[in-house]
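Below: one structure in structure tokens.
Labels for the chains are A, B, C, D and E, by order of writing; each one numbers its residues from 1.
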Amino acid sequence: MHIAKAFLSVLKRDVTVAFRHRNEIFNPLLFFSLVTLLFPLGIGPSPKLLQTIAPGILWVAALLAALLAADNLFRSDYEDGTLEQLVLSPQPLSLMVTAKVLAHWLVSAVPLLLLTPLLAVSFGLDAPTIGVALLTLLLGTPVLSFVGAIGVALTVSLKRSGMLLALLVLPLYVPVLIFGSNAIDTAASGLPVNGQLYLLAAMLVLAVTLAPLAIAAALKMSVSQ
Amino acid sequence: MHIAKAFLSVLKRDVTVAFRHRNEIFNPLLFFSLVTLLFPLGIGPSPKLLQTIAPGILWVAALLAALLAADNLFRSDYEDGTLEQLVLSPQPLSLMVTAKVLAHWLVSAVPLLLLTPLLAVSFGLDAPTIGVALLTLLLGTPVLSFVGAIGVALTVSLKRSGMLLALLVLPLYVPVLIFGSNAIDTAASGLPVNGQLYLLAAMLVLAVTLAPLAIAAALKMSVSQ
Amino acid sequence: MNSNASHVNSVAMKNPGFFTRWFHRMASPVWFYQISGKLLPWLWVLFAVLLVTGLYGGLVTAPADYQQGDSFRIIYVHVPAAWMSMFVYMVMAVSGAIALIWRMKLAEMVMVSCAPIGAGFTFIALVTGSLWGKPMWGAWWVWDARLTAELILLFLYLGVIGLYSAIEDKRMASRAVAILALVGIVNIPIIHYSVEWWNTLHQGATVTKFDKPSIHIDMLIPLLLMAGAFKVFFAISLLLRTRNELLERELPRQWVKQLVEEKDG
Amino acid sequence: MRLDVVGLHCTRGYRSLFSELAFTLEAGQLLLVEGHNGSGKTTLLKTLAGLREPDAGQVLWEQQQPIVWLGHSNGIKDDLTALENLQMMQVMAGADSLLRRDAKSCISTLERMGLAGNGHRFPRHFSAGMKRRLALCRLLLSSACLWILDEPQAALDKAGIQLFEALLAEHLAQGGSAIMTSHHHVGLQGSHIQRLLLAA
Amino acid sequence: MRLDVVGLHCTRGYRSLFSELAFTLEAGQLLLVEGHNGSGKTTLLKTLAGLREPDAGQVLWEQQQPIVWLGHSNGIKDDLTALENLQMMQVMAGADSLLRRDAKSCISTLERMGLAGNGHRFPRHFSAGMKRRLALCRLLLSSACLWILDEPQAALDKAGIQLFEALLAEHLAQGGSAIMTSHHHVGLQGSHIQRLLLAA
């Protein structure tokens, strides 16, 4: 019972902090839409072409937004010393960490899901495809959050880690990207996408069960430097 | 004379620090290539399609790499208090700042220029087009560095600025992106690109002369909080 | 006595099976240093034999391919290197797991030594592949699934190397790298099955189909010999690197000092 | 409740800071770790707290027992109000203190530490000494027996230092024990105070 | 060379910290700014140094004259060796000190601050006190008349504090002036010491 309370306290704390800094909620959103908009600018306005590459662009933008947002995950906790306190706390670390990642996902990815239909329409995708796009993002973005958290936990003690984080995390994001965008693509040509969705769901289960252990271990390592 | 010495000292110091952290040089490079390769993964392997969108992808990747790298520019100086010392120093601030941005460009963008031909070949661009791509990057990336530095100077006192920075800076990057990728596109269809290149050069001149003043003012503001 | 070593001790005392006893001995740096020193010359000999016979078979005896002519011969470097790129990753991940669970220093060093070697093999696979791709597909590089996946493997290795060099305390760094290597395992099946999942340009399984390899036996044997040569080469470079790492880390220890004195004397 | 340290050895880089360090700390005792700048005090304290692994030797202390740790950094969040910070401290302090978790105890804690009226302000608007005072609130909110404190008086004014010494004396009198470093004079006396001089 | 402060008023948020503050500091004088935690010492010092703008009033000091500023943070770079840090300090100290920029003076400065042998180490491997000592080197490397120091003794051990006081006394004797805050006892005496008590 106490553990559940602690879990909820941490969750609530992190969401509160994020709402205090409204940036934290709007920025991933804006980043996501800006990156999506950069492509029509960089590539040119041909609607046919844009429709073809839309799934890829949506997912790449989601992935980069997740990556940039992840950097906040433990950094401030490390710098102000609360991470030390978290590691030394008698509460189970992997659970506390799950609460933090969950809060992070709620704050940084859910708004992005809400925006997706709008962006998808602007690229000329149709309704069923947009549904699939949402579903893949719903299954995929938590995986991105958990995997990103591992990378952050590993690099949080390093001064300038933004780029190293990208290097560590992007290769791990690739499977999600492939199945996610492939599902949308397939849906756009009217074929069933159960296979990809099951795979994404499997990745999600794997991430939720195993990543917290890795994150906890990595944080302990980072704090001891 | 003293001022020139101080300029060179700052330049040398920043390049030294970057070389100490070898990451700093390799990571933008790796990030650049990783982002470039996310697209084929997300969009699918069709060589024709990839060739069409290659200029856009190259420039968007360069832009994001510049953005992420920019974040390092004054942050550590702010955190360890050397920025206060820089602002209080009798040396002219806008000059010292120019040295820092120049060092940053040398370290983060030049390696990226060297990698571009390789990536361009992998997307199937031909030699003259690659030449133009390089030229646009050579003219455009310093603009990105200077403009990015303004954003960083404005946000450096904020705890979690990654996203806010993106928001401030990406809209300013858009003109560079448009002319840069458009020039490559035009070159790929065998047309002359003098117009775009002159425009990019004009932007560069503007950025080098005006940005340092804006950066210096923004830093003074950030330090006084 | 080192606290970690004493931890291994207590594990060994609870269930003193053969495996754990062997494990405990493996954990001793001195023992490893001596044994590996004795093993190395034999490995060099084995490597030379495999390499020479493999190359002779591949470049001289094997018939030219009826489609590809002689250019197919690059297979004798490409395929073993590609296999090794994945195999080395597995070795790295497994020793990472051992390092994390049993806190075994030697496993840490093996893991760390794997990364540059693996990156090297991956690089060779990429280069030979794209050399081969030019005559076969008309382009140095296509964004085919397997090729991309192999490129990502290279990035995984670079990530490991980058992380290890970024963290200064090497014991911490190895723990970090072990976590990363374990997490990165997910990419290995993706590289292997990419061809089936996307069915793209790259060759499907030709050798690794167990029922009936779709490759001529005269081509197959040199390929296997070369694969063996690459494995031995990996073993050699792994031992050399690990020994280096070991000396560097144990620098303040008595046995290293003695060693240096012997060399000097 | 006792802490046993046996044959402790710590290195930083290739430099050995101390070796074969051994001591025992019983209930009600205070260990003052002394030494010049760079002698290894922080390293020792982190090792005792379990944040670092020793290079050799052992720290024997009940694994499940919580401790209070205060390092050079305060461990408070700038974006939570002072009161919310205290509530998080209670949650982190572990299961049993959750029971007595209530807003009143937090407010009285703030008052006791001289931060009355600052409960709804954010620590990012606090001065260096006010932040340290807030961090020291965790001494009052946790029921842990062992305190490990690295220069707790840093940035405190004279009144703050006295306050801290009163808290420490009370904790020791109640059978708690503490390990701390300090470059300040510590105004406690008695046979329950041990001193450990690190001289690397 | 004198510093005149007239009708100074500073606020933080909506709170007024001090107002109508006025004083004059002449060559050879030391101003000790005192006050409890949160009374506004750091804010005052930053305003005097020119890092903040006052809400009202003026700080009169020759604009072009360099000063030495040492705040709560050390202003040293973790990725440059101690010696390289000193060289940067010299460059930043301004034009005239560039003339006497040489490696030898840096080495002797390090020795004087008790960091001999650490010249080629990186400050990220220093303890808290060693970092503060390195930061204090700028006192020796600059020829500025005015020092503004915020708790310079923080994290220093006893020997370090004595060293600092000797430097300060020497600076004052040579006609320099200084403004500092400190929660430590400052062991200097004389009529050239002014005290300013902030009590918000």
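We take it that a residue touches a chain if its C-beta (ideal position, glycine included) is under 8 Å from a C-beta of that chain, and two chains touch if they have at least 3 such contacts.
This one's a predicted model, so the numbers in the text were calculated from it and none came from an experiment.
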Subunit B against subunit A, contact positions shared by both copies (same if over half, else different): same
Pair with more cross-chain C-beta pairs in contact, given B-E and B-C: B-E
Chain of greatest Cα-centre distance to subunit A: E
Subunit B-subunit C separation of Cα centroids, rounded to whole Å: 37
Separation of subunit A from subunit C, taking each centre as the mean of its C-alpha atoms, in whole Å: 32
Subunit D and subunit E, separation of their C-alpha mean positions in angstrom: 30
Distance from subunit B to subunit A - Cα centre to Cα centre, in angstrom: 26
Sequence positions of subunit E contacting 2 or more other chains: 78-79
Shared interface positions of subunit A, touching two or more other chains: 21, 76, 159, 164, 167, 170-171, 174, 178, 224
Junction residues of subunit C - those touching two or more other chains: 152, 155, 158, 162, 166
Subunit B-touching residues of subunit A, taken from the complex the two chains share: 21, 23-24, 27-28, 30-31, 34-35, 38-39, 41-44, 49, 52-53, 55-57, 59-60, 63-64, 68-69, 71-72, 75-76, 159-160, 162-164, 166-167, 170-171, 174, 177-178, 181, 185
Partner subunit C, residues of subunit B touching it in the complex: 21-23, 26-27, 30, 34, 37, 40-41, 45, 47, 50, 121-122, 124
Interface residues, subunit C side, partner subunit B - complex: 139-145, 148, 151-152, 155, 158, 162, 165-166, 198, 200-201
List of subunit B residues in touch with subunit E within their complex: 2-3, 5-6, 9-10, 13, 16-17, 20-21, 76-77, 79-82, 84-91, 223-224
Contacting residues of subunit A [partner subunit C, same complex]: 147, 150, 154-155, 157-158, 161, 164, 167-168, 170-172, 174-175, 178, 214, 217-218, 221-222, 224-225
